[in-house]
Structure formats: structure tokens, C-alpha cells
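You will see chain A twice below: alongside chain B first, and alongside chain C after that.
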Partner chain A sequence: MHSEPLNDRNVSEQSPYYYVDIEEYPTTGWDKFKQVVKRTFRGELFVGLWVVMRELVKFNIHTVKYPLEKLPIGPRYRAVHKLLRLWESGYERCIGCGLCEKICISDCIRMDTKIDENSRKEVTEYSINLGRCIFCGYCAEVCPELAIVHGQRYENGSEQRSHFVIKDDMLTPLDFLTSGQQTEYPGFGSINPNESVTKTPLAY
Partner chain B sequence: MDMAFIIETIVKIVVILLVFSALAGLGTYFERKVLAFMQRRLGPMHVGPFGLLQVAADGIKLFTKEDIIPQNVVKPIFKIAPVITAATAFMASAAIPFWPQFTAFGYTVHPIVADVNIGILYVLGVMAIGLYGPLLGGMASANKFSLISAARSAAVFISYEVISGLSLLAPLMMVGSLSLVDINNYQAGGIGNWIVWSQPVAFILFWIAAFAETGRTPFHLVANDHEIIDGFGTEYSGMRWGLFFIGEYANMFFISFVIAIIFLGGFGDGTIAGAFQLLLKVAFFFFFFLWTRAAWPDVRPDQLMWLCWKVLMPIAVINVVITGLVMMF
Partner chain C sequence: MIEFTINNQPVTAKKGETILQAARKAGFYIPTMCYIEKTTPCASCRLCVVETDKTDGLILSCQTPPTQGLAVTIDSERLQTERTNIMRMYDVNHPLECGVCDKSGACDLQNKTLEFGVSTQHFSAKEQHRKIEHWGLINYDPSLCILCEKCVHVCNEIIGDDAIELQFGGYKSAVIPKNSETLDCTFCGECIAVCPVGALVSSKFQYSANAWELTQIPATCAHCSAGCSLTYEVRHTSNLLGAKQKIYRVTNNFEVATLCGAGRFGFDFDIQAAKEESVFEKAVSAFKNAKAIRFSSLITNEETLILQRLKEKLGVKLFNEEARAYQSFMDAYSSMSGKSAFSGTLDAVAQSDAIIVLGGRISTDNPAVRYAMTTAARHNGAKIIYMHPLEDVLLQNVVTQNVRYEAGSEEGVIAMLTQTLLEGCDVDNAIKAFLESLDEGYLCAESNVGNEEFAQILKSLRRAQRKTLIIGSDVLSHKRADNIARLCALIEMHTDFSLIVLPQTVNTVGVSLICDLDRDEESADVVGYNAQGDFVIGSMGECVLAMPSLNQQEGTFVSINYQLLSTNVAVAFEGYCLNDIASSLGVKALNTIDYTVQLPIQKGFKAIGFDALGNFYGGLGEDNRGYMLETMDVAVEGELEAIDDLPEFNGTVVYRCNPVNQFNAYTARTSQLEMDTSLRGSVQFATAARISDGDSVTIEGYAGARVFVLDETLKGTIALFPTYDIAFGGAHENYRFEKIKLKRMGS
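The block that comes next holds the complex of A and B.
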């Protein structure tokens, strides 16, 4: 059904909206008695019994046996963060601009940078305090290099939350990259892995 | 009173205790499964095949859990209350014939602990004493929700004793005996002789009262989870809470036996087929307790009292009067 007819919320002949039929409350004793008799013998209790018995017989179980079966999650599901690498060179995408650190509303991202020998900024430490992170996704949204993104890993059972979010855990390992296991999210704003994403040159 | 009789009685008591304690555990399994299937869930699945060993896991948990006595409770009463519930439930079963008499190794066994001539009166009376479990447990708990539950249970149990008593009066007038064995033999002629055909109103009334006296769902307000936590069981833990539980499920089984024996012919003429029919009837009534729990909402306490005193009791009295008139003329 299209939503157009539902936009007109005035009750009329054409609109699908209608007033719910609510009977007047009984006032006299005789009317109350009639209501009781009607409700007693209308058999609504048996309707309830029939409905649950139908479900028992149909055996249409909706349970997802979670550790064995998993529901699909959206491509931009906001689970634990990942740091990605450049496809062509394997170099880290993160340029250490610090925008994610600035925009983080729960102030949980911390990074250390230094200037390396090529006078290129290098990220030495990058960590996210998952005890405070609210998974708002601002860091991934603000990142100009698509370096920090949210991953699909929502099973975070561990002895410490910090186990997931020091730089070595988040950064795609090099062998993952070469075997093509680094994934990009599809849709608006994503990159095409076939077009090479190159390292930003030092001088224009 | 010879030694053989005493030994036989003790053996019967032990068998009944063991069988119905185990059935109470299995009853929770079936309840969880039936409710789950009716709500499109799977229920317990992981402990054992199809979750069957969940019963054992729950039992181990209940037995080994710490028995907490809270600080401000009235300790002796708090400790004795669950025992009252479980004990009265099992005491009530003494006058219920679970199986027709049979002969094993040349020895005739009567599968009833005490064939007293006031059987049904004894059963109803002892079940009525079961009221003291929730009542004392709730009042001793030093918890306002338990106290509400205690007040409700007193109101419900006492009110519905009237219904169950009055509704049973009409069939008992027809049978002329209070012994459940006599009531069963009265209907031994087959399905046409069942009392449910001559006393359908009494059957419905007693069935409704059975729901109130076991505290099952349409009348579950003595321990309504969403209003008063677990009612009288709120402060209990471990096996004391488990005794309340066993008492409730044993009561469900025993009241199912009573309904089946009084109104639906019991074990009939006493053949093996009749005995299995009795088990089928009991299974149906037990299943119906679970079925209504999935299907029906709870009523409010004032609605429950209204139903008892303004609707069911007049109907029960009229039923008794009409039965008397029909028998007289």
C-alpha cells in the first residue's frame, strides 16, 4: 500500500482513517447486566485459546539460535572501530590530522604523532577508550582519509575492553590487505577499491 | 493394624512423594516448552537433548543455592511457611486414588494412601490449609509486596473455597458419598455416566475455582510478577522457594486428578485402559493450566472478588437448589 492516502489524516469517505467504534458506557443497571452477559457469552476467551493453540500447531519458531545463527547487520553498522590501509601501497591511511580526536563528543580518542624522517606526520599511538565511546560515528564521519571506520565486529567479549582498541588491534594487518580481506563499506562516500587511493603527496 | 499394612502405606507415601516431586520438576519443563511454542520461541534447548536436563540443572541450582534469611523477617514463621505449602499439597493427595486397584505377585494393591470415607472433604480441607503457606510467608517476610500478596491470597483462597465447596455439593448429593473411590465407581458405566453431563455447571464452577486455588494465570494475582514481584516468594531463595514451587505444581496435578475423578469418570471400571484414560484426562487438565497462561490476561483482585461473590456463588447455590428439586421429584 502506498503512503499517499495515509497522508490525509482527516476522516472522510476516501481516507483509510476511521473512528474506532467505542460503545457508550452503560449507565443503568440493566444495561450493565446486558454488557456482562454479552461479554460472558461472546467467547472471547476461546479466541485467545485458539490463537495460541494455532501458533503451537504451526510451530513457526522465530528464535535465532544466536551463537550458531546470526542475523545480518547493516553495511554501516557502528561496531568496534577499524583503521584501514591504502590499497596500493599498504601505507596507513591515517595522516594524524587529529580531527577525530577533536570531534569525539565523549572525548575517548587519544593519538600521538611525530614527524618522521620524510617530514611526513606519522601516528605512533592511537587508542579509543571503549569504556566511554558511545559509538556515535562522528570520528568515522569526520575522517578526511576514510582511515578510521566502524567495523562489523560486535562480539566484544574480553577480559578488558581495551583489548580491541589499541592501534595494533584496529589497524588492518598487512597480510589481510594483500589477501584482500580489508573491506570498504558500500554506498555514499565510499571508495572504490579498484581505483587506487594514493598517499597524499607532500608538495603540490 | 498389622505390619504389612504399615509397610505398604509407607511405600505408597514414598512413591507418591517421589513421583510428584519429579513431576513438579517435569511440569516446569513442560510449562516452559508449551509457553515458548505458543509464543513462537524454543524454550530451554541447551541442557541435554531438547533441554530435558534443564530440570536437573534447576534442581541442582535450587538445592545448592544459599538459603538466605533476611534480617527483619519473623524467622520461625518465615522458615516454616514453604513447608506448609508443600506438605499440605502432598497431604491432600492421600485420599486421591491415582490408579485402579491391581494385583501384583498375588498381592492386591490399592493405589490410594488412605481410602477414607470423607475423601473429597479431606482433600479440599487440606488444600485449604495450604493457604497458610502464602499467608504466613508473605506476612513474615517484612516486605510490602509480600504483604500485599499475603492479603490477596487470603482473600482469594477463602472466597474460592466457597465456590469449590458449593459446586461440589450438587454432584455429591447425586452420588451420596464423599469417598473419591465411590464417586469414581458411580461413573464406572462408561462415558454416558460421567457426572459432567448431569452437572455441567458444577464442572465449570469447580474448574474455575481450581484455577483460583492453585493460583494459576487468570487468577495469578497472589504472585503477579509485574505488580508485586514474586509476591510471597519475593524474599525466599534456594530450596525454600523451591518448596513453594513444588507445592504449586503438585497442587496443579492433584486438583487435575480431583476434577478428572469427580466429573470425568476417573479410571472408569478399573481396567488398564481406564487407568490410562485417567492419566490422559489429568494431562489435559494440566495442559489447560499452561494453555490459559499463554492465552489469557490476569484479572484484577476486585474483579476476582466480584466474580466469586456476585456471579459464581449465586450460580452455585442455584445449581444446588435445582439439583435438589430434581432429585426430590
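The block that comes next holds the complex of A and C.
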């Protein structure tokens, strides 16, 4: 849909905007009484009911049968977070720099890191308290490794909201990665998973 | 005074000061990477270059003293180019791992790189594989190292371990352990503190938190009596670990102060407890029914004052034999010298050029004193005379003369020392008569210290200007401590020696000033506060009611220097504290720190509230921590007693002495410090006690078993017996040499 004509908010011949024809409001008691009688006995209710009856017998339903059907959601939608893995190695992308924890304005990210056996930083615990999260997206924006991203899962129905947000829930499972199911947000710096990716050589 | 100019502004420098020091004092900024105030200049970074009117080339301001009338320029285009080029060199192939590096946010290299705007690398070198070294508590990543040499300098000049050195090899240069495969040192961690980048880091801390997300809590170390300044760095843990505050590491102001390994790595001794009213009621009634309160000197001044108030209100006795020994030693000292406190300080030790240490194992009792001694030896070439029945391997680098006397003969040794040092001094007749009446032959024979050794001491002291006598804690618990104190006072009064006495526990001095202590007697109904008793409260051992540890309390300590130092809460404590108990007994205060202002003025304290106390060092190293206690005048009425017969210690004798970095039950329960509880002795001891290496033995009077370890570095027949891990059974109040009955287990 073209939005250009809508940008001109002035009501004119060229503009799609026009004034709605609204009848005068009744002022006297008699006029008000007449309006009530008119609206009550006009039978407008049956106009709407007729539409429903007509559509009922046509069996051409536009309603999305949620939860069996789901509408596709915009790629920028900020739903429950995900932690991604590196395509080439399967390692976790998160380097544990702690920036998301620091930037989080509702202070709901907590993490623990330690040194692993290869002398690299390892994230041992990562949690987001969804009871506090306002889904502002700062964590995903600040992440230097595109490790924490917002996923598409907007359904937060469970016995406890905390069920979504421990590291194991957010991290892409390895079989998902190998079967190519890790979705990539097509933003700046992201890779195209269809390209062949190889490990960066560490030795010269 | 030398007058010169910096950027055409007049500046004065003291004699011996460098251009850099004078510039900093006058408020000028000269960038440095390798400079550290407390050591000799490393002169490796060359960032501090300045121009002068008398030289063509650039000179290093960190090691050049100014001359009269010199015109120094510290910021010209040429200098800027020079410095920027140096920074470019530093940044060549520096790993771009700031995102995970522990130093990020507090990194000198980061700061200076930004300051000089180095955004690109104009040249490169072939990257090489460098192995990350794991040296116990310390990890070393050579690829991050910028070879500033600060670590090598502090290790050698301040600590005295001399454990690391620079391996020169151009681009392959690195810091390596000296004369050893792996790092063999006392693990003070000072190299970690001074490292400007993330090359040397604490292995337990590495990658566990970022420097910029830690809350810094200024405090005072709770382990020994030196009262070193330290900063607890605190952060929350993850939700799965309880999201509680936790101490992640300890740092210190390494530019001016030094911290030992116990302070730096022994920080996680906090405990947790919930409020249980029934137990609290029991504790209150235990206090009500108590005849005495026994407590340890691991306590703040404020709580000590609460105990003193409880004594006044409830009429209970206060037992603390260790502090009482120090109190009576100082009373005897004051009765002779007329002053309430001795004249020496740790700073004075560091500036001395002659030091006599008597009766204490300095390197493990009080590392701060050891560091001050090392500084004196390295910077002033100080003569250090170490008088003790046991030689100390850790001090062998600095000690110039070892004098080994027989255990127990301290009184005789100090009498002879007094005679030696007071020779030719103008003293009154009573003292003269006392010195002449000494039975030299007997004292020398029994103490096993010959006249020639005293002659040599005198010879070493001949040229010295600033002398210090350090009295260790062996003497405090000696049977004849009072007379020893009077003799020490004599030396201090009549010679140019300053005196410093080393109490054992963090606040022994404070307790001795605040409390009227009673002689400990076995009596019923004793409440123990971190001490033995019928009802025990506290933060160590088996306590009925848990109390906050010293890193969970705010309050003050009095250090060796007679300086009042404040400490703060690093980790919150949910349970009750002593003030709650006292408040329900009628000694009321809202907070424990309300007592700070009430500390006894007649003992030298000042009427300053807790919140008005500073706890930091200034930019130029000014000490803004707490305040110095005033030295009071005391009536001179002490008289020397004749030297008693010197006691003999034969058979299986042990010396109660903890291993490096271990002091008390607090350090014993920390996670990083090495837990060595073995009885260490020489071959001679093993023969005398009829035990061999690896035997498990029990010692009469002490709980638990010890493993005997044959230590090649030890000489003589006295074994080292650590007691730090025994919560209340450290026996600090007894003389540290002890004849024991050993029992080999399984025989």
C-alpha cells in the first residue's frame, strides 16, 4: 500500500482525507427523545446480524484459528529472547562480556561466568527475569556478538514466567543448529546461514 | 629546595625528588605507564619523557632529579609525537579481547590508547603462539603483557620474594618465575595489583566479573594487626546462585600501600544466618546470667566498647588474655617511658637504615612489617638484625645478621642488647647500676648469644641514622614481659631507636585501650564471643548464636601505628549483632557505629563520629584513613627488676606459628588460601620426637591430628606448629614456645 497520499494530512481534493458527515447533536429534550426512538426502532441490529448469518452459511472464514494457526510476525518484533550459536563450530556466541546485564534498564539479566579449561571465558549461568523484562531490546542491541537476540515466541503462557528464561531454554539446541533451524535476524553484521562458514584459523 | 620551571611555571622540588614527583605535586600531568611511586623507577615505558633547556635529547622525568633553574617542558608537539609512537608500539598485536578481559574498564593501556587516539595499527609483527601460564592463584597471559616490569619491581623491592624476573628476548620477552619451573612465592598477589593490563590476574577471579560492574567498599583488613587498607569488590551473583551480594575480589591502592596474600585472597569468610528469636532470647538471658564474657581480639572498637559498657552495667568480668598481655606490656612500657604509645610506625620501619627484630616470626605474623623491612633493605640498604631462636627462610634475602638465642631467654637477650646499645649513653645511676649488675657470663651462656654477636650488632649500627627496634609477639606472652617492656622503653628513651611492638590480632591494641580486662580464671557461666565459653556467640567455630564476621560489620580498629581505621560492610548479615543483645540488656544504641564517637578520649581517641572518618589515600599518597591516636603522658614510676633466671626449653619443643597467609579461623575457612596444617620440623626434631616424615601425630592439649612434615629449610630442634585452624584454641595467650607431648597415631 502506498503511504504517500496519506502523508498529506490537509483535507483537499488531492488528499484522501475528508470530513465525516456528522449530524447535529440534539439540544432540546424533544429532539433527544426523537433520536432515541429513531435509533431504537430502526432495526440496525438486524443489519449486523444478517452479515453474520450470511457469512455463517458461506463457510469462508477469515478468523485465524489460534492457537492452531499463527500469524507471521515482523522480524523486528521483540519477543522472548534467544541465545544463538556459531554456525561454523556450534559454540555459544555469548562471550560473557556482561554488557547486556549492565545496559538492562529493568535490571533483569543475571549471569555468571568463569574461566574454562581452555582459559577462555565461559558463561555458566544466564537468566532473564521475564517478570521484569520490558522487552526494550537494549540487550540485543548492545550485544557485540549477536548472541542475545529477540525471538518470535510471544506466548508467555506457563505456570511460571521464569520457565522461559534460564540459559538452557534460550540457547539454540545443537540439533536445531545442525538441521539449520537457527533463524538469523537479517540485521547489520549478521551472516547468511546459507553461505558456507568456516572456522577462523587461530594458528598461523 | 631546588627551584626550576615546568612549562614556564615556577616549581620547587625537595632534594632527591625527581622531575615527575615535583610535577605531580605541583599539579602537572605527565603520562606514565610503568611508574609506580613505591618502587625505584622501572624506566621501561619512556612515556614520561620531557624536554629541558639544558639537554638536546628527551629525558625521562621519572628518574631524573631537576637542577636549579632548569626549564622543563612537559607538553610539546615533539613530545606528543614521541608518546603517541610509544603507544602505537604498545598496541601492536595486543589481543583485541577487551570484551572479556578482566582489566577492561580499569586498564592503563585502554586509557592511554584512547588518550593518544591510537585507532589504527600502522605496522604489525608476526603473531606467535604464547602459552597462558597457570601459577596457582595467579594466571599469566604473556600476549597481554606490555613488559612494564612493575610486577618484577614490587616483588623484589617491596615484598622480598624475588620470585619473578623478565626474560629478555625482544618480541618474545615475558615475565617468568625466577630460578624455578613454576612460581614459588608467598602469593601476596601484589604483582596482580600493579599489573596495568590483564596479563597477571587472580586465577579465581579471572573471567568471573568485570572491573566496571563491581561495587568498591573501602575497608581494613581483618587478619593481622597491621590494619592494611583494602577494597572489597562486591557484585550480585546470578539468580540460580541466589542473586546475593558476593565479594568477588579484593584490591588495594598499590601506588602507596601493599597487601599480603591473606588480605588479597582470604576475603570470603563471611557467614549467613537468619533471625531466630528464640535463640536470641537465650543469648540475652545467657548474658544476664553471665559472670564473665570471654572474647577474642577479632572485634571492632565499637563492640569492644559495648562489652565494656556491659561490664559496667551488669558487673561481669571481661576476659581476653591476649589483649591483657599486650595491655600489661604497654603499661610496663609506659611506666618507664612516660608515654602511652611507642614511637615507631610501619612507615618509619620502611625508612629505617637499621632494624633490629626481636621475638617474632615477622614474615608470617605480620607481613606488612616484612614488606616495610624489605623496602628499607632495598631502598636504604638497611642493616637488618633478626634475633630469634628460629631462622626464617623468607627473610634470608634481607637479613644481614641472624642472631639465634635459646627459646625463653628473651629477657636476658634484651638486657644484653640494652647494655650494648646504651653503652656510652648518658643514663642515670639506677640504670647504670642495673646495667653493670648484669651477669654477662650467665646471660650469654644461657641465651647462647655471644659477646661477639653483640659487638657485631654495634658495628652494623655505627653508620645508621634512622633505627627501629621491632618487638614481636613472642615477648608479649613471655612470663617476664613487663621487665622486657621496661628494657625496651630504656632503649627507646636513651638511644635514637624508635620502637614498635607487634600485637597478634587485628584489634589487640583497640581492646587493650578500651577495656578493663580481668585475669582469666576458669569460672562457670562464661559467655564466649568468638571464644571459649558456656554459651558461645560469634562467627567462627561452633556458635549458638551467629554474629557477623569482620567483613560484615562496620566499625573501627586500632592498628600497630596507633591509627584508628574504619571498615565497612562488604556483605550484609541478616542475623543479630552484639548491639542488638546489648540494647535489650539496657545498653542502648541504634547502630553499633554510634559508639565510635564515644571511644575513650583519655586513651587517645578523638570524639569523631564514624561517618566523618576518611578511608582512602590521596592522589599523592596522603594517608586520609581515620586518625592517629594521641599519645598521652603517663606517670613515670616503673622500676627495673633484676633479670630472672632464664628458663630452659628442652625436649620436643614447638613454636606456635602459622604458615604464610594464614592467621586465624577466618583465613582458615576461605576458599583460596592454602590450608597447610602440618607440624613442620627439622631432622633433629624428628629424631628427638621419634617421628618421621608423614606421621600423623596428636599433641596433648590441642584437638585434632597433625601430619608431621620434615622441612629441610629448618634448623635446630624446634618445630613449627600452626594453630590458626583451631577456632578458639589458638592459645594466643600462652608463650609461643612450648614443650609438648607428642603421640604418634596408630602406635
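Going forward, the second predicted complex is superposed on the first by the 123 of 204 C-alpha atoms of A that agree within 3 Å, B and C clash if a C-alpha of one lies under 4 Å from a C-alpha of the other, contacts with A are read in each partner's own complex, and residues count from 1 in each chain.
To be clear about the criterion, a contact is a pair of C-beta atoms (placed from the backbone, for glycine too) under 8 Å apart; a residue touches a chain by one contact, two chains touch by 3 or more.
Only a predicted model underlies this, so the values are computations on that prediction, with no experimental measurement involved.
Applying the stated contact rule after C-alpha superposition, one finds that A:Pro173 touches neither chain B nor chain C.
In the superposition on chain A, A:Pro75 contacts neither chain B nor chain C.
After overlaying the two complexes on the shared chain, residue contacts for A:Gly137 are found with neither chain B nor chain C. In the superposition on chain A, A:Leu49 makes contact with chain B only, while chain C stays out of contact range. With both structures placed on the common chain, the touch criterion links A:Arg110 to chain C but leaves chain B unconnected. In the superposition on chain A, contact is made by A:Ile95 with chain C only, not with chain B.
By the document's definition of touching, of the two partners only chain C reaches A:Glu125; chain B does not.
Which of chain B and chain C touches more residues of chain A: that partner is C.
The contact surfaces that chain B and chain C form on chain A in the two complexes do not overlap at any residue. Chain B meets chain A in the complex at residues 34, 37-42, 45, 291-292, 294-296. The part of chain C that touches chain A in the complex is made up of residues 99-100, 126-127, 129, 132, 134, 139, 141, 203, 206-210, 212-213, 236-241, 243. Chain A makes touch with chain B in their complex at residues 45, 48-49, 51-53, 55-56, 59-63, 65.
Listed in rising order, the residues of chain A touching chain C in the complex are 95-99, 101-102, 110-115, 119-122, 124-127, 129, 144, 166, 203-204.
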